[in-house]
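These are the structures in question, set out in turn.
One chain, chain A, links the two complexes that follow: it is found with chain B in the first and with chain C in the second.
This part shows the complex of A and B:
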């Protein structure tokens, strides 16, 4: 577990420029299968070209360009969050898995289940238990350590 | 032997190089480590200062509660902490543990990118918990891929005997790189050295591999699959020669086979011959191809009886039928066989003896076998070079044989007999008949005579009551250099010269007695005596007595020996010599008195002195002096 955690910390970066692409890909591969088990394909809404580039290597990933078609939205900046909010306001019943690449985004978005971000030179991975529960997501044991109740 | 030594040396060099490489690596890591220690100490001092400041600024027993309650104070402290951020310290922040055990940010020196108060922090190491629990500061090295951090000092801040906060001081990676840059030239040199050491090691391994491969090829004769000469030399570098017996085999008239059937068929016969011999050899024996059609069989002693084995082998090789171009072909061999004597250590010498025997076989018409006796190996003559080597190393010893007064039966004089010492056979002295012929007329003779004279005078000095005689060849006395040397020695020891006799040996007819008279006068100048050696044989005859001033006649041993076989006739001859000696005032010494009956006849004849094994064999003077006491 500790090895995996170390591995995650080592390969993850918010800005990604300091991150090994291969490791980031592996991490997100694990994350996606943990958050969406048994899904034949992951329909992802990502508008950051860097992340798109990395995640396109995952065979099960299908990029979508509309929120309603997405199983998973990766927030990488405020503008995307803003667009999401607008969409959510228009479609209150809409629900999908949201994940942030910054702490601030996680804090500002009540629907995000977790985040993978950089703090004091160290990668940080965390999940919010109530939000996971809302989506009926049960994380594998290896991620349990990063589940917290509140921010 | 040489190969093993070389391998060992190469392995030692490689080992030393590897050790040196490791040492260089260690030295570099030590330097880096000391830089690290220095920086950590500095960080601890900073942390200590911050701790003192915090404790002054924050009131009450619970630091965390105070900070929770005073956001403006937090801001103030953050600002102050910011002052501590230098190029060395990238991040300084303080954490606390919440009720659930999660770390939460309290204070942060990074004003530019402030972390929300009490936001969560997942440390990437168990050390955080260890420090929190133990209250003892620790340093952790950051894992790969963390951003810009070299080391983290985890410093507990305790109050009321409890760790309340954990200060994290991150040492900047950029600063560490700066420090390392100071070390860079040295590190670069070390890396280059390591690189070249590694190259050298690889080169050495490559050379050794090639050398070993080449040696393997050199060990076996490619045509016959017998061992090579190289193998033989190498083998006897590791094994003692006298633990083996040797047989030299040469195929007779092999040229005719080559001429008749061609070289290809000749080679085939050689291969078959080699195979036949090898199949017949006992365990641990081997066949060496000396070159051409000459082979050497080396057999460990005690595996077979060498004589019968070699005879069987000879018979086998003689009866063996080769089929060449559908024709039966018989070949014959010449063999010389040596039961190598104990103490033999020179392969070259042993081969020389086998060669000499082989030559005898060839001269006798080939197709035969001859055996080498121990005598052939040990009683050989020495070359001038070998004698020169022994004399240069002063491997010369003088032995003494007593000359007995027949009346008193006491030793009145000792004959000094020179022997050389061959280091290969230190137990057996090299006698003059084994080397004298080759050194006569050379500077080595002069050298040897000088050594003998010095030894004789040394003995005379040591034992003031004894008389000695030394041998000289008259022919050599014609040599002015030899004469000058003798005269110099006599002059230098003139007080003892009257206790010294020169036994002159004459192998040629003396044509110029005047010259010899002069030589004798010179020798007698300081009181030395002259004796004619082997009188009664060869040219040592009556004319000497007539022309020369002689003190003693030493009757030739061959005449004395005849006293046993033909006593009456020999006695007549000896009486005539005695009459002659008396007439000229000479004393007579009978040589080769080897048994009592001879001595009794000598004594009965009234000869003055006796010398021979009956009274004592040549021995170091100390042996006689001890018995005289």
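This part shows the complex of A and C:
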């Protein structure tokens, strides 16, 4: 049942990173199964504690703490992107699925296959076709309209 | 021929706007994105329905409306809408008569902190048409004054919340140009460094507005040039805001009694700073500083409004006033009670008022102090029900022998109920209001001319309000009903001086799909004894459509007004087409007041020679214009 009295509290600007868990989980659940359709388990590298808390509800999710063990990396800030770049420089052959929560991260990382981000008050979902093809990912039909060729 | 083609095109365009959404197919991901959008909208973090009856403009809505100023939003806000007074200042409650300012009861907050103009009263005076490129969403709370947020009593509080670095980091440049040489530029930059987020927004507007014929060779002007800076730095527990504004404006009829000024202009320079900190999870403190420099230039070939014979037919003056505000609020949870209590203080000081050739103008007082204490309890009767009780006492004192301390007692009692889809709330409240210091001082001294009046009165407003709403998967509907009575109205009203009024607002929003929606609002108000009228009926509403097709986005909105004064229908049609060239660049063509039939406000006139009323000027605060806008995101 939806939380009653959602209209009480909710004051202050101190909570900078509040995310609705249910709707976020439902969306990422679909995304993970679309990007890794045949995986028995999703080995995720996620830094952000908010997303970590949400994604742990997915039964197939296993969190890893090293890039080389990850099937999927979720970029949520610049520092993680920097660390990835350093790792990639040291291991040029390394390749895994990268997904971003900000447009700038998608733009600044040529390896990211897509992003779910906010622009002008609306959530935007984007996948880059060439990058999906590089990973041999064929998205289900319901995601096709979110695929584009270039940024 | 051309008119026929124009009408045909218009008909097809509007048909397309209405019918197009039905052709759209939506899949499961669209549905999930819609839900994700609704639940994660930033307004969900700031809304406090217990503050009163909420009318919300989300970021999505503001973007689709292409709202660039608070005026673009206020013109759709029921009850007040947007009006300007005879000095071309935003004054939603203006009667068009000769009062200095009428909207002191409408209060403006940015990120939870009130922007005040001190001696001039509400921050709406200067910020009522501010650039809102820094804003994420705007909340209007009606009728039940929030004891937690406002230092001074208010019956409408407008909360503007700035963009969040999490979603808007980077730089955004926005330039627009339009009719009569209008142009505006805005740069927004935000980011975060090691847990500290910051934002800076700089905007400039050269507003070239329609001139108003006044029967002379010199029509009335209301152009302005405004530079505005908004910035914040914040972390998890502390926030600092800085706002600067310089606005040089033509003041329409200014102090001219018959609206034929030889010169009418005002320059403003404003600084606002505030600091908020959570000392503990329960204890919050806040300090704010506002200062306003005013440079007034008024002249006419006849005696001026407000100004005594000492000044002749011209009044050139400089003034500065400063306001210091401080608040401390304690919130705690005890069993099913959520208790908040606090103390708030504000000092408004008129630093100087100097006229050319005369020097300092003595007024009856130059300092007003407000001290308020409040306590509020929100008691959860059950998972579905809440009772709210709030009490506040405010004392307003001035350094004048002629004025006693004003004691203001406020009370609100509320009941709220919510289920999966339905909600209901009702409030009983008593609020008391005082005039802004400038109006109080004017009534007392009227610049050395009219002698002492009796300004030391307070208005008491009683209200019973109700709201019922339903939220379905694709639509939301709500109905608000307000019954109010103003006793001992501060400003001149007819009858026994007590204004009684009933207002209703019906709203309905329907989402055809994630990118296509419509909004409808209908408003009716019936006033008894307002201004100098026995009865006033006011009808209004709006209908908007937002549509997206590929990279093209469309917005169409019509605001409608009708009242019992002139029984004329007024329509303000706004339309825009946006081409989202790519994720970074978009171009918009926007038309405002396209039909040139937007609501007009009376500006009353008196012939100084005879003292007789002259036919009032009817002026629309909404200019007809076309604007091209280019937006680039780095």
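As a working rule, the second predicted complex is superposed on the first by the 132 of 151 C-alpha atoms of A that agree within 3 Å, B and C clash if a C-alpha of one lies under 4 Å from a C-alpha of the other, contacts with A are read in each partner's own complex, and residues count from 1 in each chain.
In this section, a contact is a pair of C-beta atoms (placed from the backbone, for glycine too) under 8 Å apart; a residue touches a chain by one contact, two chains touch by 3 or more.
Quantities reported herein were computed from a predicted structural model and do not represent experimental measurements.
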| item | value |
| --- | --- |
| First (chain B), second (chain C), both or neither touched by A:151 | both |
| Which superposed partner A:125 touches (first chain B, second chain C, both, neither) | both |
| Contacts of A:66 with chain B and chain C, given as first, second, both or neither | neither |
| Partner chain in contact with A:142 - chain B first, chain C second, else both or neither | second |
| Comparison of chain B and chain C by chain A residues contacted | C |
| First, second, both or neither for A:103, with chain B first and chain C second | both |
| Chain B versus chain C as contact partner of A:30, first or second or both or neither | second |
| Intersection of chain A interface sets (partners chain B, chain C) | 2, 5-6, 9-11, 13, 18-20, 103, 118-126, 146, 151 |
| Touching residues on chain A, where the partner in the complex is chain B | 2, 5-6, 9-11, 13, 18-20, 103, 107, 118-126, 146, 148-149, 151 |
| Residues of chain C defined as touching chain A within the complex | 27-29, 32-33, 35-42, 44-50, 58-63, 111-112, 136-137, 148, 161, 164-170, 197, 234, 236-237, 239, 278, 338, 378, 380, 383-384, 386, 416, 418-420, 423, 582-583, 633 |
| Touching residues (chain side chain A, partner chain C) in the complex | 1-2, 4-20, 22-24, 26-27, 30, 102-104, 117-126, 142-143, 145-146, 151 |
| Chain B residues within the chain A interface of the complex | 90-91, 93, 100, 102, 110, 115-116, 119-124, 126, 142-149, 168, 170 |
